[in-house]
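Labels run A, B, C and D following the written order; every chain starts at residue 1.
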């Protein structure tokens, strides 16, 4: 996944496992396969059946647990874990998950993938009632809501609280003897259930975590569901029935791992199909087809196949671009120093190149790619994007919260083509995107069960706290255009 | 490059630049693009025109220079650098290069890619004459040989010494005001010259380092040549004319970066051609073609093209397998925990799969790949290897020094097929390999200018110190078979 | 201070400064001089006048701020800081102070030296009302109590809350534009006010922090006081008038730095006086007087003076005993390997030695010291302790919470003498201790304004949550003796 | 020892042990007690009876071996170790000792305390003969000299080489089955032999290392001796008989640990005697006597005793001044921030203070001490130095190589008194210094067997390579005065 290349960031991945030896290690390996969903921090909370233990820190999972003793100390029979992409200014260790709360009546741990849209309002209400928050995370709100309902049993309090929070969420909660998984009423984020060979249940953001552990896929968690796993096994409950599937289409386009299967659709296959439909919608007179490594390779091979053009490896992504990498100075960049991507001169020289990318965010990477290919001798560079133009922010868990950074928000396709220097530029239509993904059984749902609001601005829910800012941003955009 | 997956290791990459501001930083970025040639240690020696300064340490380049001040301290106008793969037992920091020697008559730094075949003999002779070595590296021998020739000027002493060392070598030497590059008489290792926009010369193991810096390719260094770069510019000299090109074929097959061009041949293109010829030599009844990421993707796409079969992404390589990664215990492996590679069920399920790999060393990875694909539902797994069976060790700079570890050394192709569990297995013939690479102008040379001794045991030079061990290994092999 | 030698640990030191440039750096240096009060963790929260920023971590102050950028990021005009001794099992970074709480109506930071005796009860009450705690620290309770009083202004809420918490506390609170300091009604822990040359106020656990910064001593904070520092200057308020000074006598005996002045009494001078009175109470027939470095040197010199005996340096404390130090194995200890302390043979050989220590906790160190001196040739070893036998735990902020570890809890002086192998052993009487310290103006107070409960079990307050455990411990002790 | 306070640095400590289990750990603990002799780097080479293994790095011993596995890897039956003070510009890891050299005919390790005065000349000669040096250390010369003598057996070659090197040296050499210790003909540096309870021999720079291990003192190594320890036991040989004891007087004055005994003289006792004689030579009208911690406390107590004045703890040295400590800016220093030393106001206020220091190097610390005491209220500050004025550099192993930095080199005592702001200043005479140390049996030797050249410029040997520079420095000094 080219996460370091593009300015588009998933905010989290979650994993949980219940009632098996070495739960902490299984969680470590499960999180490892979800690392692409968040590279800024990681944590695990485990239960030994009596109490919960926590370890979390900044960095990649392998850095967080660089000291094996830190993992060994979490030895337990159930555990939840979290990988996180930290938005700037919120990089305190306090914000790393899973959160662990110690109460006189038992410990609770909490991990969250998504974004709550009424967090600000709820937090202010809770603080006005005496609540003390220690993180800046919207996630912490859930536990305060639960604890406010002291007259109810835990499950009832949890269900009531899940009805109070709005937006996108896949929550995992761990108690010493129970594991909960809950998905928001639109199922914005993926969440699935698996089962290990020894019968223990696993929950994870993506099926690639099940494959990593040799776990059998059981089913996806559905919108509005509350999954309860305890010594009696797995129970599928729900906290609301007012649901409608609207899973984030960017999961299929860019975020999820190609080997994951979400709501019955393999991500690689969906991407390949996007490429095929793109070739049909926007054919190109080219000698070869190249994909931007790594997330666009599937779409590129589909495009090549449908266009009946040779699929070539014309761009190489460095596998050693660490985050600690010393950056070239302006002077060195002017001398030509480039990291991350290289063009294969032997492949592109003298050719008309169709370059396939999954999406365009700010356009800076696209511009560099076109330049790279032309410098390596490409005669023409035709860019084809296997998704529609990103014009509106996401409020359900992807880090594109202002329109200002989206090049397509206030530029036409023709303008973008000029800005990035391509000989031609086309995007996939929203219709074809929906058709390419084609979630089984969701054909009748709006947009085939997908959120495509990033492309058309038609959000499936009210935006609550974000409403004002969003409208202001739209207004500003309009003014800018005048 | 899948270096972490396969037990086959290049031992080094070298880089040098002369007479330009920020030579230390250019060397850093040059080495970055050669990181695939060695991940165990790195170092830079720079010259500020008066004296040489050194920094070296274990780890990836980005780890070695994690503290920017360590790089800044090397500020200079010329520099050489080195990335190293350390063979076990030799991991002392003393063995990291470039070596720096301070003499009363001037400092000399030395970096080496390759392996000397008469190092043991020479070292014993030198020690018997009073020489004191501080590393276990064969590289250090060159400086002792040079200093023994005190009656000659430096260039003459260097030329004479280059005639005394045998085996594979691409040497870089730096003095305060001169940079030397020398290649062995067979040109076993690649080495090329480039020129920055400001006119400064660059030497590097591969052209991808030139591309990284926006440097123009000038020419390959040829066997027996001694390149001298000083304030007067670049001078092409030679220390011997008894030369014959026999560059390591594994550079094309596996080691070099696909975007590099060696002796006029683009590595990706050569690999693709290997795939094409393999498809012709060993056709397969399959539904899809899959390459083992990342080094075999070129060959796989060539194979698919020639076989007229769909090329698919059926295997995913984790991009987060750090060397500090906690390894799964035996118990966890049995539970199914697998790192590094995942199969894409949505792609391979129910399919007859042609899986293309560049080579087989011990066979353990091949066995895992077959198992992975079958567990993901592949109906049949046909393995095709885009090079001949590796049956003999290399003595010129690749880390396969005993035959014992090579599965093809004492197993037939049919036996290997059984051991790895594939439904069929075929290798590329040596003839096709040579034909696929086709170095321009080397058609008349033996094996088209390539070393293919790993496949046929016919070494282009005497083996010196290794002769005895090699013969013993052959004998042992024969006995094992009886 | 010999904190590493003795099993007796202060739990904290606090520092605050208001309205001056570089408040973060002044806090760093202030904490540096309080490092002897806690070596397990440190933190600083600063205010830039608008918002609060926090940095905290495990380790010595110099380790916590090993990266200068972490300190520079706290650039502010006021700040509070904390050094902490972590009791085992509570070593999570969550428990490191100062705590920082972000509320919609403003940030609050909190640092605490001491121990609350009704923390368990209060926390349970608060949780039952919906409070969510994120640390295991008793300190966090104060902020919850304050936030429960939403109908009051901050100062009123703070005063009311200070009346609810019981035990020992020196609290510092920081808001963006105010600094508060509060001391418990018995003044168990020291806390003083100083003023920088530029007029800015400073509060600190000990005056040595004022000296470090060249600050003028203003006055000690008195029991029951609430100090409020804002743009209008310093205001001395109080939250209760039901107070009686009972400062921890161990501060004078062992914890505080010899150069600090607490309630008008210089610590070194008090210790020297303890030594003088000890010499009078328990004279000894010795050739020389030796102190256990470093905390007993003052008492030893007083003893020598009063006894008219030569004061000698017969024991050397290693200055390089780091906490990461590799410990000798049992085998090596048996071979004689000893760390920390060495006897000076040239001084003690053939001599009758009076060895002065400030206190005995478990007796293990005393035993080693006697052995060390005898092995170095001392003819006789007479131990004199410059404080009474430690027989009862402290509940106000020192880490001696069970009687089981106190050798004097269930052994007579004669028994202890046998156990440690000394030729004679005597302790200072409580009367002489009080006389030696002699807090000006506190003569009429019970025990001269000191807590001496560790010696006589007569606690100046109810013990609340600890009552039961303490009584159980007493009972167990009695049974053990039967 | 106040090494961090004063600009005077010992360059090394050495330790060796032969034929005992856990030799590597004993060496670790032995070096620990020699840490005061060098804090910049440490290393150990051990032998398992077959080959030698090395580990060395920058930092304190506890930092070098922070990872226990690094020490465990050295498991052996004999070992030598080294702690080093690195002079600026020579801080490469290449220069850390013990050096390890691998030869075809056996490994040799080498550790050195001292400084060779003809190193430059010898190195140039050796390089002209083809030798290749890899460190900038004078120590490496010895091994080259030995290896030049290929016609001789090792012991003969070693003896001949020891006669070629000039200056100060305590050498330890380790082979797989032998340990050597050699001392220069003047015995400039201390070196002693001990014996463990199991009979194994130990050699160390100071006896405090023997005490640490519970080893019995056997004897000092004498000038010109070569000690050979092998399976047959310990043999005392010599490489020259042209010897005269002239041990560095600064070892007694400042460097050595107070509990060490060198040539029969306990360091603490010698210092105390220096203080006594100083009191007689330069009496003072004072109320109290204070020593600069820690190295001057012995002298101060002797002074107090002889002057019949109270000895007080009026200065406190911080025990937490780490080398990573963030330094106060100029602005903060002006605000009064001071590290390292604090004055005890309660002790010095209103008093006439006699402050005893062991020596004055640049005078900057003395000036600060006077200021500190006056700020704390001292009425008068009379400084007494327990050694003569340091006016000439040392060439035998102490880091004072130019006269420029010595305040006494070109200032009279009266001038220094003014510069440091003391009310009076006196130094001990050289005669009294010699009388205070009084090495048994060396009364008839010149200066009682001591080097006092730092005070009178009368060096006991030719200065070889340093001659010219020294004379130039003297000349420059003279000119400056004119």
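Everything below uses one rule, namely that a contact is a pair of C-beta atoms (placed from the backbone, for glycine too) under 8 Å apart; a residue touches a chain by one contact, two chains touch by 3 or more.
None of these values were measured; they are calculated from a predicted model.
Chemist: Measuring between Cα centroids, which chain is at the maximum distance from subunit A?
Modeler: Most distant chain from subunit A: D.
Chemist: In angstrom, rounded to a whole number, how far apart do the mean CA points of subunit B and subunit C lie?
Modeler: Result: the chain centres lie 62 Å from each other.
Chemist: If you average the Cα atoms of subunit B and of subunit D to get two centres, how far apart are those centres in Å?
Modeler: 49
Chemist: Need the CA-centroid distance for the pair subunit A / subunit B, whole Å please.
Modeler: Subunit A and subunit B have C-alpha centres separated by 37 Å.
Chemist: For subunit B, write out the residues touching at least two other chains, lowest number first.
Modeler: none
Chemist: Which word fits the touch map of the chains here: line, ring, star, complete or other?
Modeler: Topology of touching chains reads as a ring, each chain with two neighbours.
Chemist: Considering every pair of chains, which are in touch?
Modeler: In this structure, the chains touch in these pairs: A-B, A-C, B-D, C-D.
Chemist: Applying the document's contact rule, which stretches of subunit C touch subunit D when the two form their complex?
Modeler: 1, 22, 25-26, 28-29, 32-33, 35-36, 60-63, 65-66, 68, 71, 196-198, 208, 211-215, 257-259, 261, 266-269, 294, 297-298, 301, 305, 310-313, 316, 318-320, 322, 324-326, 328-329, 331-332, 335-339, 342-347, 376
Chemist: In their complex, what parts of subunit C are in touch with subunit A?
Modeler: 54, 92-93, 99, 101-105, 123-124, 127-136, 140, 143-144, 147-148, 150
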